[in-house]
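Look at the two complexes coming up: chain A is in both, with chain B in one and chain C in the other.
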Partner chain A sequence: MTSVARPAPASGRPPAYLQVAQLTKRFGSATVLHDLNLTVEKGEFVSLLGPSGCGKTTLLRLIAGLMRPETGRIVIADRELTRVPAHKRQVGVVFQNYALFPHLTVAENVAFGLTNQRRSRDEIKRRVGEALQLVRMAPFADRSVSALSGGQQQRIAVARAIVVEPAILLLDEPFSALDRKLRETMQIELRHILRDLGITSIFVTHDQDEALVMSDRIAVMNEGQIEHLGTPADIYTSPKSLFVLEFVGLSTRLGGTVVSSHGGEVEVETAFGRMRAPAQFRPGSPVVVAVRPEAISIGESEGDGRNVVRARLTDVVYLGAKTQLHLRGERSGDLIQAEIARLPPGGLPSGSELALTWRVEDTMVFPAPASAAS
Partner chain B sequence: MSGVLSGAPAARPARSRLRFEGDMRGLMALPALLFMGIVFALPLGLLLAKSVQGADGLTLNGYARVLGDAYYRGVIWDSLTLAFRVTLISLLVGYPAAYALARTGGVMQVLLFSLVFLPLTVSIIVKTFGLTIMFRREGILNWLLINTGLTDGPIRFVFTEMSLVIGMVNVFLPFMILPLYSVIRMLDGRYLDAAATLGAGPFTTFRRVVLPLTMPGIVAGSSIVFAISVAAYVTPGLLIGERYMTMSMVMAKAFLNFRDYQLGSAMACVMLVIALSIVFASSFLTRSLEQRGGR
Partner chain C sequence: MATAARILSAIILALVLIFLIMPIAIVIPISFSPSTIFSFPPTGFSLRWYENIRNADGILRALWLSTQIAGLSTAISLLLGTLCAIAIVRGFIPGGRLVATFMTSPLMIPGLVLGIAMLQAAREIGLRDGYAALLLAHVVVTMPFIMRTVLASLALFDFAMVDAARMLGCSYPAALWRVLVPNILPGFVSGALFAFIVSFDNYPVSIFLVDVRTKTLPIQLLNQLEMSPDPTLAAVATIMVVLTILALLVCDRLVGLKRMAAV
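== the complex of A and B ==
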């Protein structure tokens, strides 16, 4: 624990409110978190977004003190917490299934943390009342928690966690047990409450929409590391890796090889012709060219500064929020799938010749994943 | 705050159907009820009849003898305090053991399980005789105490109340551990996590979360151990004999030695009332605990 240097504040700025530095966690031979770094500013709402098994819940439990890391440090508000047990960390947690104490009433659940802090009876009563008011559950104070609906239980779980004024609030997929409609309402409501209170929050989710709606910043996690930490817009418009691109939002992707590179622009040979993109790769590198659906226009609007894919439409697969176009290249016969948000008015007849075009600036290039290189 | 949601509780359908299924399940107890009715309740009724049978018609003379006599009242009191001590010690020893059993895994759990279960396969008489050998004046316990310098001379264990309590805890401990184990095993680890993040240290978590949530197991284990301790016959008979008379021993003497069926069955009925009160009290307690937690 001595070899790890404290992350130096950049150019005189005060150190971040939450600092997670070089955190590694193993379960047996499996490394769940690998040398992970994360900083969060006071009052920020940061989501940990990733598929199951990416280590996001483990990171949350490490910050809460419910697990110990193998190496690395956790600092909150200049307090070194790495070796501090959970009950001395002043960290609030809203658990996935709320974990409300079934033997206590709503008010007793909310009072639990305050009682542990040995607050006076009057203060506990007042603060519990305020917290229940905040989540609009005041009339339910004397109910048993198991008599509540999922949404109500969630409100109590939030009230129980924030009433102690924690240094940081951790939320572990708190909406996963709610149905879609209720979930959307609760997301906005919770965001309002936390913003009003100015609580620094870390939110674990595998749902990209949830992360985009709620977060100041999103940390996209994959295989125990943060692949991209940025604002929702940043994550969406300029993803740092192919994984981030694929995990957040829709995209159309073409494999290819860089044929030339000059002036900050590369030319990539693909099965659908040459594509240009603002990027720097050595000629010969295997890459993936990608574009977001809203950048694509269908039809002949060819001109300078646009990439074009000509293909025959073989199938239109309507998937609700998105529509998948299955296309076969005219020259090569290769198949691609283009994901678009909605069809043009009048629809697209199967078998029609299409030209998909988009601006060179909207083209993204990523190194091809190792497995796809063959 | 966005004033969108009302606090109306969601409807719970499915409840009436569940209740109906519960009724059907109740019928499944029928064979056991029939068996117990013939094999258990009928002889008990005959016993009850004997207790009020006098030379000339019905009499409460048997009960007057049992409850009116200071000696027999003393026996009842001694039986109750003995059972209480055995129950308390079993609980204090058994709870941590049950907790360890429920919370460990793998080889450790298998090992602990065998340690709890194996003694049940050994007959009470064997276990108790084994104890008397160990407790003897020249037994291994005294040998150890003297050779480690803890005492100068041999201590008397045999025929003492202490040996009786130790012997009974030895025999009845598994009956405390098993119900505790099953309740502790059901305890959701997230409650412990939640308590910790709310500032509760291990002791506070135990007092405010683990203990209340495992109370049904404590009630069940304690009432089982108390009920069988209060009725114990073999272990007290072998370990202390007539120096510490229990209700069962009085009963046995009345039936076997004196042929005083009135006294014996009156004592049996008193014991039955005690046992029944324990059963009813504990079911009532468990039910109210569950209602507090479960609704």
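== the complex of A and C ==
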């Protein structure tokens, strides 16, 4: 389902920079990671995106060497790391709360790794200076870290991790402690720094916007597995599962049953009428039909090749960038929510009859989850 | 009314302070008294009792022994207690809370009971060496003081710092040494100070374990009092008061008494 990492690929292609193969991790009887595979190319920025408890932080800690997996392999730059202790892996980590050393100054924090490598005093001084310059914290070198603001602490944590030139940089929800505005600035800034240095990075987050903004590729994780590994656009426009669809971005979803299938197109019976979609399902399969908000138009004629939902508007919830429409089906009385990018000019009065339409090719179909589909 | 209450509470506070300090304050002038009996106020000034410390049989030897036992038992408790506290706080061992309670329980057992138990245990395992038995018993006595302060310090310590140090090239023990130790130093210092003092003036446990050759200072002092009660004891007591004040000053310089009191 995702690109499978084989430590020694038979093909002529060079092996990926980071290879995680068949990784399994249990805590007692709970399996946190289940036979997980992931490959990352050199210089790539990959996000691990998922709800809390999906195993993303566990995967990060396994790559860091702060935990041992039950089975599986971790290879970075052709170096087998599975049994290598954390301090010999040359993996850099930016921790969630930064974990700066309060008994040391800013410069001493950044110098910590270089001191362990027994670099010369001159080299340490030069490289610490460069790293602080890079994160625009040079004037703070002699300050105590506890006197810094959250954003400044984060810059120091980044400087401390990259100054030793790690083989890979792991970031564990580094923006979660920052307020929204600062977070957005820091995301762009960090992205630029890492891209300029060409550091291969893995970034753990539960925030889809953060993942979409920063990543070359996103691995959407659920219950200890990667459900979809792809570019942000790929994840958004053609999610591989209902979970990925629901976790990333907004969507309108209708439960139904496939009634016919021919020529790569299925027809699905829903509470709001029949929908067509490009997909392959056996007739009788329970499915969920979905569409992204920006594909929906309001009140247009049901032209050829468009799906239509007719419903009475019960409520309009304005959410800034998006507007949520609460609708009640005319025939069944079922409730649905549609999310649209913007209201038509003049607005929509509550209680009005609406026709929502979208193109058949914008329609997605997923197998219904085991529990009741709606 | 309010003023009257304030004056009254100030008087009570003063009385309590006098009650606490007085015995210690009285011993100091007595130690400088030329008289051979304990008399207050002293009738003159002399250092004869300080000179006599050297002549008094066994006091210096007992002082040296007590210092060794207190120092060693504190050091052993610090090392083992800290490792144990880390295991408890990090959940490395099941039932960690229970272990923590167990490790601090000697605090709640009367010293006499502990002393008899230690004597029995030393006999049972065939530990004939008085010094070793004394040291072991004092590790038990000092451990709770170390455990309490170190556990309290660790509860406020962010172990992600240890992980951060490991990712920057420190082995686990090196990470503990370079990051954990400096950050919970106030806890170490106050725990160690209490532990040292508790061991140094322990009487009820030691009395069961000393023999002719190994007598700790409190026991030697009591012997002295029975055999030749003179102000030599006051001189020793005065020296100990001064040393304690010096130790507190050093700790204040090192980590600050406020930080120590906070743990």
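Everything below uses one rule, namely that the second predicted complex is superposed on the first by the 361 of 374 C-alpha atoms of A that agree within 3 Å, B and C clash if a C-alpha of one lies under 4 Å from a C-alpha of the other, contacts with A are read in each partner's own complex, and residues count from 1 in each chain.
Throughout what follows, a residue touches a chain if its C-beta (ideal position, glycine included) is under 8 Å from a C-beta of that chain, and two chains touch if they have at least 3 such contacts.
Please read all numbers here as calculations on a predicted model, not as lab measurements.
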| item | value |
| --- | --- |
| Fit or clash between chain C and chain B when superposed on chain A | clash |
| Which superposed partner A:Phe112 touches (first chain B, second chain C, both, neither) | both |
| Which of chain B and chain C A:Ala141 touches, first, second, both or neither | neither |
| Chain B versus chain C as contact partner of A:Val93, first or second or both or neither | both |
| Superposition-derived comparison: chain B or chain C, residues of chain A touched | B |
| Touching partner for A:Val360 - first (chain B), second (chain C), both, neither | neither |
| First (chain B), second (chain C), both or neither touched by A:Ile193 | first |
| First (chain B), second (chain C), both or neither touched by A:Val308 | neither |
| Partner chain(s) touched by A:Val316 [first = chain B, second = chain C, both, neither] | neither |
| Chain B and chain C footprints on chain A, overlapping residues | 64, 66, 85-89, 91-93, 95, 97, 99-103, 112-113, 116-117, 160-161, 164 |
| Chain B partner contacts - residues on chain A that touch it in the complex | 64-66, 85-93, 95, 97, 99-103, 112-113, 115-117, 134, 136-137, 139-140, 144, 146-152, 160-161, 164, 182, 185-186, 188-189, 192-193, 196 |
| Touching residues (chain side chain B, partner chain A) in the complex | 1-2, 4-5, 7, 9-10, 188, 190-191, 193-201, 204-205, 208-209, 212-213, 289, 292-295 |
| Residues of chain C defined as touching chain A within the complex | 158, 160-161, 163-172, 174-175, 179, 182-183 |
| Partner chain C, residues of chain A touching it in the complex | 64, 66, 85-89, 91-93, 95-97, 99-103, 112-113, 116-117, 160-161, 164 |
